[in-house]
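Per-chain residue numbering starts at 1, and chain names A, B, C, D, E and F are given in the order in which the chains are listed.
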Amino acid sequence: MNDLMSQAIDLMIAGMGFVFVFLIILVFATQIMSKLIGRFAPEPVTPKKAPRAKPKAPASVDPDTAEAIKKAIAKFRSRHKK
Amino acid sequence: MDKLLTLWTGSGLFNMTAGQAVMIAVGLLLLYLAIRKGFEPLLLVPIGFGGILANIPEAGLALSAAENAIHFAKPEVLAALAGILDVSYQAGQAVTPEVVEVFKHAYKEASTGEVSTAIAAAQDFGYTNGMMYNFYQVVIGSTVGPLVIFMGVGAMTDFGPLLANPKTMLLGAAAQFGIFGTVLGAALLDWTGILDFTMLEAAAIGIIGGADGPTSIYVASVLAPQLLGAIAVSAYAYMAMVPMIQPPIMRALTTPEERKIKMSQLRPVSKLEKIVFPIVVLIAVALFLPDAAPLLGMFCFGNLMRECGVVERLSDTSQNALINIVTIFLGLSVGSKLMADKFLDAQTLGILALGIIAFGIGTACGVLMAKLMNKFTKEPINPLIGSAGVSAVPMAARVSNKVGLEANPHNFLLMHAMGPNVAGVIGSAVAAGVMIKLLG
Amino acid sequence: MDKLLTLWTGSGLFNMTAGQAVMIAVGLLLLYLAIRKGFEPLLLVPIGFGGILANIPEAGLALSAAENAIHFAKPEVLAALAGILDVSYQAGQAVTPEVVEVFKHAYKEASTGEVSTAIAAAQDFGYTNGMMYNFYQVVIGSTVGPLVIFMGVGAMTDFGPLLANPKTMLLGAAAQFGIFGTVLGAALLDWTGILDFTMLEAAAIGIIGGADGPTSIYVASVLAPQLLGAIAVSAYAYMAMVPMIQPPIMRALTTPEERKIKMSQLRPVSKLEKIVFPIVVLIAVALFLPDAAPLLGMFCFGNLMRECGVVERLSDTSQNALINIVTIFLGLSVGSKLMADKFLDAQTLGILALGIIAFGIGTACGVLMAKLMNKFTKEPINPLIGSAGVSAVPMAARVSNKVGLEANPHNFLLMHAMGPNVAGVIGSAVAAGVMIKLLG
Amino acid sequence: MNDLMSQAIDLMIAGMGFVFVFLIILVFATQIMSKLIGRFAPEPVTPKKAPRAKPKAPASVDPDTAEAIKKAIAKFRSRHKK
Amino acid sequence: MDKLLTLWTGSGLFNMTAGQAVMIAVGLLLLYLAIRKGFEPLLLVPIGFGGILANIPEAGLALSAAENAIHFAKPEVLAALAGILDVSYQAGQAVTPEVVEVFKHAYKEASTGEVSTAIAAAQDFGYTNGMMYNFYQVVIGSTVGPLVIFMGVGAMTDFGPLLANPKTMLLGAAAQFGIFGTVLGAALLDWTGILDFTMLEAAAIGIIGGADGPTSIYVASVLAPQLLGAIAVSAYAYMAMVPMIQPPIMRALTTPEERKIKMSQLRPVSKLEKIVFPIVVLIAVALFLPDAAPLLGMFCFGNLMRECGVVERLSDTSQNALINIVTIFLGLSVGSKLMADKFLDAQTLGILALGIIAFGIGTACGVLMAKLMNKFTKEPINPLIGSAGVSAVPMAARVSNKVGLEANPHNFLLMHAMGPNVAGVIGSAVAAGVMIKLLG
Amino acid sequence: MNDLMSQAIDLMIAGMGFVFVFLIILVFATQIMSKLIGRFAPEPVTPKKAPRAKPKAPASVDPDTAEAIKKAIAKFRSRHKK
């Protein structure tokens, strides 16, 4: 086994070890954080199905509204023609 | 006539090398995959186009002024560069291809100070830095491009599902085996003599397993910039292929019963928890892994802007105008590394082969970790959400959901898979920090 | 094991100094004030977050490559830097804390050319400029950041109320006493031996009294960059506290009758007047104070884009995407100056104390000037609009309106206060130009 | 009184003097400008209550319209269900 | 008193030269044309305003730190610069206007390396690069500004009409006679001794005939940066005057019958053709004229983003936020070249005169080419669409339509004229590539 | 005729020659491309009157819709007042 191999194994052990240690700490820190907030600053909950990425610029009118508007236009036009 | 001859001898048709022709074909292939097959088009359209631009003969768009001067090899210019780059060349000496090679090699080995002096000297002779060389230096050389993209990704990420069930963070940890397993794979290829890699190169290749574009580009630019093109292409291509790569592995490692496991509904998460979480991550980084601070710092900053609710203008801009602008130039900059002499190499094939292995290992370890956790926790965990730990947000979470629906059409795993999915982003950034710390 | 040790000895927990811990707490406090208390969140969120990033131990995000190299103090690197920075250090010599201090001091005193040579040398040893160091150099070091913000502010400013009643410009002049009075206060602290300030530092602190973020950052970056962090934090914090600072002063200096004064309705202003006004200001600057040209030039340019009606695309972009992008990086850059060794100093306490005095003097002088003008003009002026002359647009004008409504619920002063309010922006920029001219 | 004090006083005199001179000049210049425009290029006036900063990008539909649309949707839906 | 004197001797009124006063008037004229007459306001508002800023006395906004240091001419600073710029000046020597001229001339002749050393030295004495000097270096000096604008223009261009009738591309070729004819005109002025031009200057002036803003700025910045201001102003002003310049020429060269020619309706063009077309252009550039690669590469990239349908985010940003941001700074940067000593020169008058000739020749050759083609093709071509080949998109196409409607109120030529109109953009970029190849 | 003149004439010949050669090649390449696509990948056509530059950000609601909405609002308000 050459030097590169042993280095790669060392890196794997150190790396995976550290990734797990870090994320386990983060799990605990997060749980503690949530408990503290639940106890000292309980809040009205946010709806949990918030979409992951909602770029707001292009958003203009939601599909439902658009549909309704189109119906309204159609109706308006048909009336107007009469 | 003389002038028409100049135009002809300076044309691409007259000068094109086989390598450049192949690379232009590669660029066209990437455009085809991006546009027709929908492979991560936001990045692969600029990368593919940039790859074509970088390989236009004689244009030297991806070369510095000094490299362009060496390419055109006028004796008086080479004489001026010889002193700066410490090459033994005298003004009158014949310019053979060997001489040019010596200059190219000396330029590659030159110090930061020598490079900038050589560029200034070449500029005095009328050569200029290629457009894409400038893009690369500003966007990737400075590391600012991947970091700004990561900030935007942070501003687009909802940690709600992860906060509702923080234990799933461990799935995002396990999937990072893909990274380090691939480093081992690269070392193995080197040991068996199939390919040559240095430790830095092996590590940079491994990061493909992180399944995260900006992280891959950041790490590759720090550890092995010469492989950046192949690594970024590999990372984005396999991310696009996640719906093909993952399902067979997921099915092979799970029983139909496991795939049918219903998970309990996620608890609601308060706004304050979402605001505080990026700060908790930041402090953990500050305490335990400062080398991950640029990546995770910008990521958490983006997420805090998103969640804090008082800077919506900034959050919107970082998710739209800013990330789009940077994406355009980041893609072109990555494309500038798709030059024939750097890309057409057996190493690239190795990188492509190792990349898919990386995704496979990551997927498998995520699933296995979920099965392991299932033995120790009260609340049931569907092992299919483990594969989402590789990140490739949100594709991998959708794959978990889809495979779950095949087993049980009423079992929606999407939200449960989003937890490990975003944890995978953090996990890869931590792994990146470890590699930069130990090797950088 | 060896590698795990490297990770531990390189961790933040192992290396954190008390100063860094305090500064991280300061950063968290700024985030709290911004997010929970609504203190100028657009700037204080990035500044607070940037302050935390800048104080992550060992990460060196706010340091140049050379400063990072000096921090890690490898003998061979120091030997390379010794020649450049003119420090007497020999390759074999032991690296004591004193030696490192000598290098740090030599770096601080080095010329522009030496600094860039030292950075290039450090880069050859693998050190890199910290992310936030780069942000600072590009955004503030070049002065482009505050100027672009000022252009955006110009594009958001309506000079209509000022044009309807140009005399109220004098209120914006009087309020600048806050600036120069504070300079005097800083000189007094120095004279009494409580704190040490140079003239440049005193002037940079005074500009807090201008109650204008970009102007403060611009002046501080030119006159006393080492105090930039404290000055910017002080300026934005007190701007947010205007509704608390101003009313008592306003009430103390006016009688209830004065506060009830009704002002005559503003005349309508034509579109052409609004178009020509920024050009008039520009020409006045060109004729009388060229040193205010960068600040007021960009401000007037933004306003002209707004009013001229033919470049709406550009005006919109400068009010939205562009100002948002610059704000993000400007905030982070200011945060990079919140480093322990620069911020945790008695000077900072002095700056915070002087800052509130500056706002108080400015408010008082504005009100007194309005009372004075009332004796000479036919049309009545409610002295409450004088306090709006400090700028802090549009907060101070709203305060005038609110205090006025307390005295007379039918007396709306908002539009009348907007005149001195925007005049205060011009006044501060003029004061900034004078200080740069005389001291810069 | 030390040197810094006297410098600060000098700066205050020069600075406040200049600020006032500059803004007084600007008051006169503005008044002249307004008079010239009023005489030679009188224009239909603009409404003076223009909001100070109106970022246009996010603006999609004004509140009134939105309200009307919502009513329209509600109506449309209620009809549709029947 | 002393300080007030400093303010007065540093004021614009005390220092203004006649040239600066004239240039400020020129800037005001450009603003008037842009705002009141609607002359290409998106560029001429920033250019005009920038021109005023650049001519503010003593502010030195368009000068580098070294030029500012030479202007203020302190003996100790000049002594420091003397060594760098190789001027024989000794520390004690009297500073006469001649000495300053010698320094200015030496700075102009200095190499890239010497310039940056001189700037660093001047910065050590407290001088700074002017705001607009920085803008120019970053936006135009690097060539990135015009290229990004060209990318945005590509993203706004619909090649549909050209694809429906590709033969009209020849009209876009013929109109480039305007470019080369103007080069000949400049050479003629030089030959007759009326004005002095070098070959590079003649070529840079010719590009005005391309009727394309970013192409003109790009070529001028490469071949003759000292003329950039006059060339850009001339190009944009005449583009705005296309509706006045072209119709008389079009009427003079055509009979009423020709103007009434109806063209057959354009065939529908498939989406795939539109996607592939920019790639075809790119490959043609790669094969035949690598020197046009930066301009046409970015143009095709923008168009591919527009048409490919999978990167709408990027396409939108490059048509909006990005192009607007760059336009603001590009305009100011062009304005920085409107300095008295460079602009107030007989050459500028020559450039203005040659510019209008360039537009005239281009228009005429386009119309004549259309008449020629009409003799060889089956499908009739209305010669009025030939004039659209000069580009000036979409103004020239509208002029074709308007003149056509005068002859026959039912003959809509707009879509037919859009073909040569966009072909003219490609044609000018090709001509630019040829000139850079042969002269650059 | 001086040197500059002869250079300018040379440049004109080389330049115009090259511009024509390049654009003629492009005409043929485009025609071949269109034919190949027509034969091997015929597609439903796009409407050819697509506007040249349609910046999408500010676009919120098309005029027709806007008109309909305004009518709807007017109607809604008039009903509400009753």
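Everything that follows uses one rule, which is that a contact is a pair of C-beta atoms (placed from the backbone, for glycine too) under 8 Å apart; a residue touches a chain by one contact, two chains touch by 3 or more.
In UniProt terms the chains read A, D, F = Probable oxaloacetate decarboxylase gamma chain; B, C, E = Oxaloacetate decarboxylase beta chain.
All of these numbers come straight from a predicted model, not from anything done at the bench.
> Comparing centres built from CA atoms, which chain ends up most distant from subunit E?
For subunit E, the chain whose C-alpha mean is farthest off is A.
> Farthest chain from subunit B, comparing Cα centres?
If we average the C-alpha coordinates per chain, D ends up farthest from subunit B.
> Find the geometric centre of each of subunit B and subunit F from their Cα atoms only, then give the gap between the two centres in Å, rounded to an integer.
Once rounded, the distance between the two centres reads 34 Å.
> Could you check subunit D for residues that touch two or more other chains and list them?
Counting only residues that touch two or more other chains, subunit D contributes 11, 14, 18, 55-58, 60-61, 69, 72.
> Quick check: what residues of subunit E touch more than one other chain, meaning two or more?
3, 7, 288-289, 313, 316, 320-321, 434, 438
> What part of subunit B is in contact with subunit F in the complex they form?
Counting only subunit B, the residues touching subunit F are 2-4, 7.
> Give the list of subunit F residues in touch with subunit E in this complex.
Listed in rising order, the residues are 1-2, 4-5, 7-9, 11-12, 14-16, 18-27, 29-31, 33-34, 37-38, 41-53, 55-57.
> Where on subunit B does subunit E make contact in their complex?
Subunit B reaches subunit E through residues 3, 6-7, 10-13, 16, 24, 28, 31, 34-35, 38, 41-42, 45-46, 49, 52-53, 55-59, 61, 117, 120-121, 123-124, 126, 128, 131, 134-135, 320-321, 324-325, 327-328, 332.
> Of all residues in subunit F, which touch subunit B in the complex?
10-11, 13-14, 17-18
> Any idea which subunit E residues touch subunit F in the complex?
156-158, 160-161, 163-164, 166-167, 169-170, 172-173, 176-177, 179-181, 183-184, 186-188, 190-191, 197-199, 202-203, 266, 268-274, 276-277, 280-281, 284, 288-289, 312, 316, 319-321, 393-394, 415, 418, 423, 426-427, 430-431, 434-435, 438-439
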